[in-house]
Amino acid sequence: MAKIKLDNIRHSYYPNPSSDDDFALKRVHFDWDDGGAYALLGPSGCGKTTLLNIISGLLEPSHGKLLFDETEVTSLSPSERNIAQVFQFPVIYDTMTVYDNLAFPLRNRGVDEARIDVKVREISSMLEIDDLLQTKAAGLSPDNKQKISLGRGLVREDVNVIMFDEPLTVIDPHLKWKLRSKLKELHQKVKTTMIYVTHDQTEALTFADQVVVMNFGQVLQVGTPDALFERPEHTFVGHFIGSPGMNVLPVEIVDGQVSLGGHVVEVSSPLVEAEGKSLEIGVRPEFVRISEQGIPATVVNVMDVGRHKVLQTIVGTQKVFAVLNEDQPVPEGSTYLSFDKPQTRLYKDGWLVDLTYEYEVL
Amino acid sequence: MKLKSLAPILYIIFLMLPIYWLLSMSFKTTNEILSGFSFFPQEWTLENYAVIFNDPTWYWGYINSTTYVLINTVISLCVALPAAYAFSRYRFMGDKHLFFWLLTNRMAPPAVFALPFFQLYSAVGLFDTHIAVALAHCLFNIPLAVWILEGFMKSIPKELDETAYVDGYSFPRFFVTIFMPNIKAGIGVAAFFCFMFSWVELLLAKTLTSIDAKPIAATMTKTASSAGYELGLLAAAGCLTIIPGAIVVYFVRNHIAKGFAMGRV
Amino acid sequence: MKTENPRAWLLVLPVILLVAFNALIPLMTVVNYSVQETFGNNVFFWQGVDWFEQVLHSERFHDALGRQFLFTGIILAVEIPLGVAIALAMPRKGIWVPVCLILMSLPLLIPWNVVGAMWNIFTLPDIGLMGYGLNWLGIDYNMTQSPLAAWVTLIIMDVWHWTSLVVLLSYAGLVSIPDAYYQAAEIDGASKWSVFRYIQLPKMKQVLMIAILLRFMDSFMIYTEPFVLTGGGPGNSTTLLSIDLVKVALGQFDLGPAAAMSLIYFAITLLVSWVFYTIMNKDVKE
């Protein structure tokens, strides 16, 4: 077990990167605390697999250092780092039995058979695959295969971190939920650092204590699921998390006030100058209200999603979503919207203004 | 350079040496060949090639071989495609036995069947025609083509067929416009194998022809035995037989790596 | 799952007709010869199973069969491991892959008698590269004189001719292994041998079986190359089954014994191939 420190990691797949665009990872500088359950969330191609492979040692970063508990491991091989990884598609050794599969990492490290037997049985009972131990691994169902790949990681003592690379891709939907809660339960039992890579926000938010949101080759925000929801530090985070995602609307500063198409909007963030960058406000549909006056909008669609209704409106040329309670009357045609001030924030160049402000103060 | 890459390099050198020797021999004069050992041709000559390109018995050999090989490849693929589809998609009476029976025909030693083949094709009046050789080579090429194609077709999900039928495609139209493009690589590899085995086979081809459809390889044997020891000419003719194969393999080069697995990995 | 469909027969019918025309009629002719005696002029006498008994008890057949099994055994033992080793050492991607594959395929695409002729020229003691080279190194090499030299040449020729087939098939199996398998093995701390034994070999198994089956069938009925290379000599030392058969059938025109011999020969091939085929299909089901 160890604290994992990513020290100014940059990576490019080109030998001579010339601009920032050539980097798959632009700059990642961040610590993973020992024993945490992390999710690494982001759309396909955002750099999450690259980051994962750098931690596991399958890839050496072109810049920066990787430390496990202050020991540098940047150029160590995966087996020397003492880590485990579960891949998108279950990797099992077809010709071996389930037992031998689980014992394989220990045998490779020369652990004695008695000890192996204890560990294998401990893990198999944890994963509830005791009755499968003597069967050939080849014919198993995908979820059992994935359990075995996971078991091969768990069976080793003092693994520094277990990483999951979209492990539920090939699992049937009704088993996904089961396997995920199993993972969560296992984490509480073994207390090993776990990093769970996914592009599915439900998977990330239900599994992790801390979610790391990535896009464009950088980490956008690290926080608890609640923090990500309530205070997105980047418009992408707001947009990506939540259903529907945060409304992001371009604004201008006119006479010291935020103006959305000529209408004044009150925001909780300090005001800043655009300085040629884009200025936007972000407000979640949950904090958009129907009111008597305010911002004129046209209702285009209503979707009933059970507990509440999602209202789709047009403000100027922008789509704005609002969440209504079930019992609330649904307006038709033209109406007015207002945004809750404490939950309406200003973003400059995609980033939350409070942040830059905080940094400036510091 | 890594030590590991030494093995393929040494192997390729081993493969190329006899071919180089044939090539170098084909550019030597008969005098030079008979006068003793020389690693490079001392006096380059194209005379051997000139003889082949000017003598109809020689160049017709190439035309004949190419003709029956192409006919055979087309016939084999045309009948093997629907059959492979049946084996990959349906269960029917005797399917397993049939499949093995087809395979057994690859095991029949052609040396054994040469004489009966001669009698059979003489009886149906096809002796010494291209079609006779093309049909005879079907004996071992069709089973192989069915086998290869079946492997590829198995890896195509059945849902593809079902969706197409739901969309109102007829079987022939579905097969040609949807299914065949999906197994392009398989068809390429099957064609490659048919071409290869038909091109390299000599015994049946020689037995079933005398003058009009005589294959190049047979012309060579005759030269070797009748016209004395014209090694240069023989070498030149041999070199020319390598070219069609090289062309075919060039076309399928991108499919070789995956295609040779015949959909069975 | 496959569906039951009797009409599938219609799709298979063209294949059956074509192959039956080529296989059954000649086979029946051979069976016919094998139970009759002829003195020419198309006059035949019923002979029963005499020819079979005669062939099965003839020392000549035993010798040829023994040589055949020895030959097939040796070339399988050399070509399969060699082919696998070369496939393992080949690059997985890059511009050299197609170059390697094309060059390696070349021997497969040369007509068989040209292969024989090529090696004949290559091994000539006075003007062949290999023959001259070996003698220059002080090794007394002449395959028209020494049975051992003839055998070695025959085997090297077959290795030259066919190892590429094994390489290509194994390579196809290897490139189909997803990277994650190698990564998982690395993380599990597997040795190179373990990676081969538990990942590469199992994935290659299917195609290797095909390679072994094809190499067995083709090497067992090899005729053209050794006929052109050695003509079965010196003496009878390289007279393999097919060569012996043609000698009996066409050389001595003993159609009956030749036919009986062919059928026995065919039966042996069939039996061994059937065993392979069954093992192969059993593995697929597992």
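Going in written order, the chains are labelled A, B and C, and every chain counts its residues from 1.
Here is the rule we use: contacts are C-beta pairs under 8 Å (C-beta built on N, C-alpha and C of every residue); 3 or more make two chains touch, one makes a residue touch a chain.
Because the structure is predicted, anything quoted here is derived from the model rather than measured.
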Reference subunit B; chain at largest CA-centroid distance: A
Which two chains share the largest set of C-beta contact pairs: B-C
Averaged-CA centre spacing for the pair subunit C and subunit A, given as whole angstrom: 57
Intercentroid distance (Cα basis), subunit C paired with subunit B, Å: 16
Residues of subunit A that touch subunit C when the two form their complex: 56, 58, 77-79, 83-85, 87-89, 91, 93-96, 104-105, 108-109, 136, 138-139, 149, 152
Touching residues (chain side subunit B, partner subunit C) in the complex: 4-8, 11-12, 14-22, 25, 33-34, 36-37, 39, 75, 78-80, 82-83, 85-87, 89-93, 95, 98, 100, 102-117, 119-120, 135-136, 138-139, 142-143, 146, 196, 199-203, 216-217, 220-221, 224, 231, 234-235, 238, 241-242, 244-246, 248-250, 253-254, 256-262, 264-265
Complex interface listing, subunit C residues touching subunit B: 2-9, 11-12, 14-16, 18-19, 21-23, 25-27, 29-30, 85-86, 89-91, 97-98, 100-114, 117-119, 121-122, 126-130, 132, 160, 163-164, 167-169, 171-173, 175-176, 203-204, 206-207, 210, 217, 220-221, 223-224, 228, 241-243, 245-246, 249-250, 255, 262, 265-266, 269-270, 273-274, 277
Of all residues in subunit C, those that touch subunit A in their complex: 178, 180-181, 183-184, 186-191, 194, 198-199, 202, 286
